[in-house]
Amino acid sequence: MKKIEAIIKPFKLTEVKDRLIEIGVQGMTVTEVKGFGRQKGHTELYRGTEYNIDFLPKIKLEIVVIEEQVEKVIEAISGIAHTGQIGDGKIFVSSIDETIRVRTKERGKDAV
Amino acid sequence: MRCNSAKVMAVGTLFLLGATPAFAETAVSRVDTGDTAWVLLSAALVMLMTPGLAIFYGGMVRRKNILGTMLQSFIALGVVSIQWALIGYSLSFGPDLHGIIGDLSWAGLRGVGLEPNADYAPTIPHQAFMAFQMMFAVITPAVISGAFAERFKFGAYLLFVIFWTTLVYDPLCHWVWAKGGWLHGMGVLDFAGGIVVEINSGMSALAAAWFIGSRRGYPHEPMLPHNLPLTLLGGGLLWFGWFGFNAGSAVASGGLATAAFVATHLATAAAVMGWLLVEWKHRGKPTLLGAVSGAVAGLVAITPACGFVGPVAAITIGLVAGAVCYGAVVAKFRMGYDDTLDAFGVHGIGGMIGMVGTGLFAAVAINAAGADGFFNGGAALLGKQVLGIAVGAAWAFGGTYVILKVLDKAVGIRVTREEETQGLDLAQHGENAYTM
Amino acid sequence: MRCNSAKVMAVGTLFLLGATPAFAETAVSRVDTGDTAWVLLSAALVMLMTPGLAIFYGGMVRRKNILGTMLQSFIALGVVSIQWALIGYSLSFGPDLHGIIGDLSWAGLRGVGLEPNADYAPTIPHQAFMAFQMMFAVITPAVISGAFAERFKFGAYLLFVIFWTTLVYDPLCHWVWAKGGWLHGMGVLDFAGGIVVEINSGMSALAAAWFIGSRRGYPHEPMLPHNLPLTLLGGGLLWFGWFGFNAGSAVASGGLATAAFVATHLATAAAVMGWLLVEWKHRGKPTLLGAVSGAVAGLVAITPACGFVGPVAAITIGLVAGAVCYGAVVAKFRMGYDDTLDAFGVHGIGGMIGMVGTGLFAAVAINAAGADGFFNGGAALLGKQVLGIAVGAAWAFGGTYVILKVLDKAVGIRVTREEETQGLDLAQHGENAYTM
Amino acid sequence: MRCNSAKVMAVGTLFLLGATPAFAETAVSRVDTGDTAWVLLSAALVMLMTPGLAIFYGGMVRRKNILGTMLQSFIALGVVSIQWALIGYSLSFGPDLHGIIGDLSWAGLRGVGLEPNADYAPTIPHQAFMAFQMMFAVITPAVISGAFAERFKFGAYLLFVIFWTTLVYDPLCHWVWAKGGWLHGMGVLDFAGGIVVEINSGMSALAAAWFIGSRRGYPHEPMLPHNLPLTLLGGGLLWFGWFGFNAGSAVASGGLATAAFVATHLATAAAVMGWLLVEWKHRGKPTLLGAVSGAVAGLVAITPACGFVGPVAAITIGLVAGAVCYGAVVAKFRMGYDDTLDAFGVHGIGGMIGMVGTGLFAAVAINAAGADGFFNGGAALLGKQVLGIAVGAAWAFGGTYVILKVLDKAVGIRVTREEETQGLDLAQHGENAYTM
Amino acid sequence: MKKIEAIIKPFKLTEVKDRLIEIGVQGMTVTEVKGFGRQKGHTELYRGTEYNIDFLPKIKLEIVVIEEQVEKVIEAISGIAHTGQIGDGKIFVSSIDETIRVRTKERGKDAV
Amino acid sequence: MKKIEAIIKPFKLTEVKDRLIEIGVQGMTVTEVKGFGRQKGHTELYRGTEYNIDFLPKIKLEIVVIEEQVEKVIEAISGIAHTGQIGDGKIFVSSIDETIRVRTKERGKDAV
């Protein structure tokens, strides 16, 4: 099993989620994070003084899938989250040794 | 000008019919229901300004300090109100000693009853006047707390408020507003607290910000307002309550209250636009915090002037206040003191603008009890106003400095480094504002 | 005491000139503009207290229950106002039946017009008095809802409010305030609702908390206030509105309203300090929630007393209320009932303190329509006040218990376990408070 | 009906004693303290409605747009107040030109002084009436901003407000309320702004929502209110302030103000229940947002009627408004325009219900200056009311459409796609509402 | 060393935490996340319109432990977080190459 | 490629971030988390009652880097986040199988 972590722009979440469901993903976990990358932050103004905000709001998607699905998921995400501009995000893939479904105590692929 | 006229007539009639003058005199000082309703409701409005200030300030600090900041405002309602009933009112408005201070004959509100006091407000119960003035004494130290927000020890703050109110506020209030006060006697005009509340709190704020030093990390670390909708709400409540503050200072309903009401609103509206447009020009974007800050600057500036100037002068004062206070706030960073919430930049500077504005635009045609300002041929008034600014500013700055110095030696005024990092809410109060 | 005097004089003059007595009499009961402005604005202030309470309460519950909690306050504005117009006002203040209840001759506000009703308020339109009283009827059940917050079914709550207002509030209100009410006739003093509003809601709260049982997980699981700035805001609005509640209860502008205003403010300030200082001593830290809770305790306690006692007595009552209510709230955990937002600890206990305080400190010198209390040589009053407490407490507790028992059998009053876990907002209302 | 009577008597007495008629006349127009207190405080209450609206609206938008939305309300306090002092009041209420518009003789408030103006309010200073009306002019464009929230450029909005106020509001206000206005002359009844404020803003909102187009993602993407407790707070402040709006429109304290106060409260309470119950029936759950929306619908609907109808009629109007506005809001999704915060569904539809309700239930018995409605035998009034609706709706829709068309050509009214995605707060104002 | 990531229902957190302490876990990190899975979301009502909210609030627990403890931790969590209903959650196990304790700069098992 | 997860005290974030940029890190992701560890929690007081809050606010930094940078990053973080008191935090290192940059669809080291 593999874990796919994708950092995407927040407004892409709905679309990405819909696409993932279409290709058969049954579960995912979403976290609001702040990202620092090549995309430059913005300035905020308070009473005439500028502050530089270099962390930008991003969404982290975590999806655990069986090996066979990895490529499909990567394509789905990178297809939809793509706008061609910096800040589009990153996808990281790593290995998961074991998965347990709490409700049934099933383990392994069946539990994903 | 007030309903009194009707009564005077009625009494006059009685007089013609042979009533004794003594009776007629009593009648003249009878309580008027409209005036009393007006002043009591104005007092309620001014009371609301202190929670309003807590909310206005609370939204601007960092999340970890909101409760500590709000409590520094809110607690003034507790401690100053009691001080006022026990000694403050007597020191401020009690029988005059050499133009300097009131004596203690009204301590504990002895003799401050439900009959009018002709010196201050002949048509409302004396206690109504006392209550109205109480709310002013409450909010003034709360304004100062904006300067040293996010780093002042709560216990030391309580002591500061007690000493400051007694030693700084009460005397200055006496000088400017009490029968026999020396600045009052010289003809300095301050309708609703340009010296007593605004310059007083603003200059005290400057002394305090400078004495206590900057917050850790200031100015290189960003310290952003954590909840601006709260600040807008607080600003809205302040604007609302300020009608009581300013128009209520006529201490009677009628024409003068109306004039003060209109001047207050128009100056504030103009200051909103003044701040917003200058900021827009300067920084490229108009901000909500700018609009709300402008409103407060306008309210401050029109405070001394509102019962003496007409609508067009009010708009002028507001525009100038919005623009200049914006500049003052921006300049802060170059001055090297950390006035957290710009109590000096808004209240100190705004109060001075208003005092000068009064000296320029006051008109006897608006208020016969006032004087003509520079543009109405009364250059003398301008000088008096500047004197008033100078006296108020020096008194507030010096008094605050001495009190803080003594308190710092005695109990220490600043939280520890760890407490400051953790935030006042947890460190000083063991509370967390939001549990989402 | 009121502007009437001026009119009386005018009329007197006419009389001398040969006007008929009939005409003079009509004139005496004419509507006074100052009094009417005062009472209408007081009614508006009391109306604001119900949203204020929603906010005060809402900040103290857990995030998942804020909307449900707020709605239980807010909806009282809807349902009780209509009940009041249809039957409540008539039951409460309508022509007396044996000291027990008003008859239904004023149902639907028939005959409740724009002329003054001399029995209740001779200088304002009868409808103004009715509207002012309506706001009291609205907020009282809303206060109770604090006791069973986070677990009461919304539908059952609506039924509860209708029955409780009609069967518990309206009769008790009649006994204490109506012309002919039996407690009123005995000389029990309750200026602005110590029995009718505070003890009534507080004891009903106790019965309800005890009947419905604790929240799941209480007391071992921490259930923290989720948004304390909201609670401060709500507390500030309550304080502001309470000026209308208490000083408005003079139902005329002037000296008595002023006395009530001053007593209200000073008692509240003292209670803020009382609670804060005791908590600080007891727990080592002064808290914002403590200060705000103290304010509410002070407002509650001064409610029955404010039109009968002077400033120093008011401060005393406030200090005691702040300290004792703190103790009552802390003791709750040892008592084993789960009064979520301390409606009993603050309103029940606070109301009793105020009733006793009235019995101790009341002075005819302040209000000729009152009586002298214990310290002014009137021991009898103290007994009456205790009777008033006992009757109010027993009636409220018993009535609420019976209503809840019946409702629970009929429709069930508590949400399911799943709904409680999920939170009222989603489970009962399909809404989520914050989408950040 | 007002305290005047006392004065009239006093004056009458003088007259008998030989005072000159000229003097008597002056006396009759003297300022009454109660009436002035009432109107000034009503003006303050109406002022508070604009920050209240900012908060009400702000809670309903998405997090990224709250500051932009709030500022669109708040800035109206700045820009419209100044416009009103400079030209707006004169255009609206100044000396009439052919029933169409006021001339500019009162521009800059020239001649608008502290003596009463007998045409509009004979017992209060002319400036008090002006200030009260100013607050109406302020809030009306702010209401419109709900329709195009989350996508309108701030700079273009400022221009829109200036043009709209001058070209749409001021004339319509003149027609309906000014001495000489043509709709006024025909006998169309609008006590507190059913046409001038509600239909005017609601129909302008419809035009604007339709012209600017939907938000990106609407309606398939959920766009949920981000902070409902704020919306409840805003709703509470609106209800509170609306007492000034409606009952203050009597421009004097006394019976008429009381009648309007009572009608306002009861209609609102009924509308809360109307909306809640219909929604509960329709969707299976009663919601907080529903209750608060119902309150606003009720306040809107009773606005034109409140000074002409009795309590039972008020309840009826409120119930209908709550139920029908719910339907209107739900229907929006089928109509295909994106009125973000339902300014049309609530203000437009609610205002029409109120105008028709006035035509049905008005009674000369309540207000002698009004007329009898359909159920009191005056079918003619109903026709006039429908005419009033038609004229107001057409004028507002057409005027707004033209102004937006011109502005869009000239400067563009909509933010870019990127700005809309990022949110107005950062994109337009460089601010972030919450830094938690 | 292994990292155990558990997605559980928020109201189970206190109980799970207490149990983990009992069995000797010395550290953990908690994140508020939103989960999408078989558990159906709920609808929210705004002014009469229903919206379907398919992401539900969940808690993510991250616990790094030495190999020997993994099974005990899994059992503890899946025992307590279990209610038998969908939405009970998932547990994912993966490998950690190295752990450093910042305070002491210790590494490896001692640092866990 | 390796993923470095560091749990640090919130007030150290700015300093740590600045240092990481200095040593050439080009991207990172920040999450607000709550940590339970040896550092004792604090008590909160509400109306005279004490509640024990054992989860403390922490910041989780996630940084994916190529193998060669791992030690430098660990040193940078543990140098700056260090105060010598408990609660200073932990750093966990794990392996990443693949990285994808959404904007360019680059993979592997180039995408980091």
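Letters A, B, C, D, E and F name the chains as they come in the text, with residue numbers starting at 1 for each one.
Throughout what follows, a contact is a pair of C-beta atoms (placed from the backbone, for glycine too) under 8 Å apart; a residue touches a chain by one contact, two chains touch by 3 or more.
What you see is a predicted model; the values in this text were computed from it and never measured.
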Neighbouring chains common to chain C and chain E, by label
D, F
Determine the shortest chain-contact distance, in steps, between chain A and chain C.
2
Check the residue numbers that chain A and chain E use where they touch, and answer same if over half are used by both copies, otherwise different.
different
Between B-F and E-F, which chain pair shares more contacting C-beta pairs?
E-F
Per the C-alpha centroid definition, the whole-Å distance linking chain C and chain F comes out as 53
Express in whole angstrom the distance between the two chain centres, defined as the mean CA positions of chain C and chain D.
32
Residues of chain C touching at least two other chains:
3, 6, 10, 13, 32-35, 37, 41, 224-225, 227, 233, 283, 285, 287, 289, 429-432, 434, 436
Would you pick out the residues of chain E that each touch at least 2 other chains?
31, 44-46, 50, 53, 94-95
Among all the chains shown, which pairs meet the touch rule set out at the top?
A-B, A-D, A-E, A-F, B-C, B-D, B-F, C-D, C-E, C-F, D-E, E-F
Contact footprint of chain C on chain E as seen in their complex:
11, 14, 42-46, 50, 53
Which stretch or stretches of chain C touch chain B in the complex?
1-3, 5-6, 9-10, 12-13, 16, 32-35, 37-38, 41, 45, 62-63, 123, 224-229, 232-233, 235-237, 239-240, 243-244, 247, 252-259, 261-262, 265-266, 268-270, 272-273, 276, 283-289, 291-292, 294-295, 310-312, 315, 434, 436
Which residues of chain D touch chain E in the complex?
222, 224-225, 279, 282-283, 285, 287, 289-290, 293, 326, 329-330, 333, 342
So in the complex, which bits of chain E are touching chain D?
44-53
Residue numbers of chain A touching chain E in their complex, please.
3, 17, 26-31, 64, 94-103, 105, 111
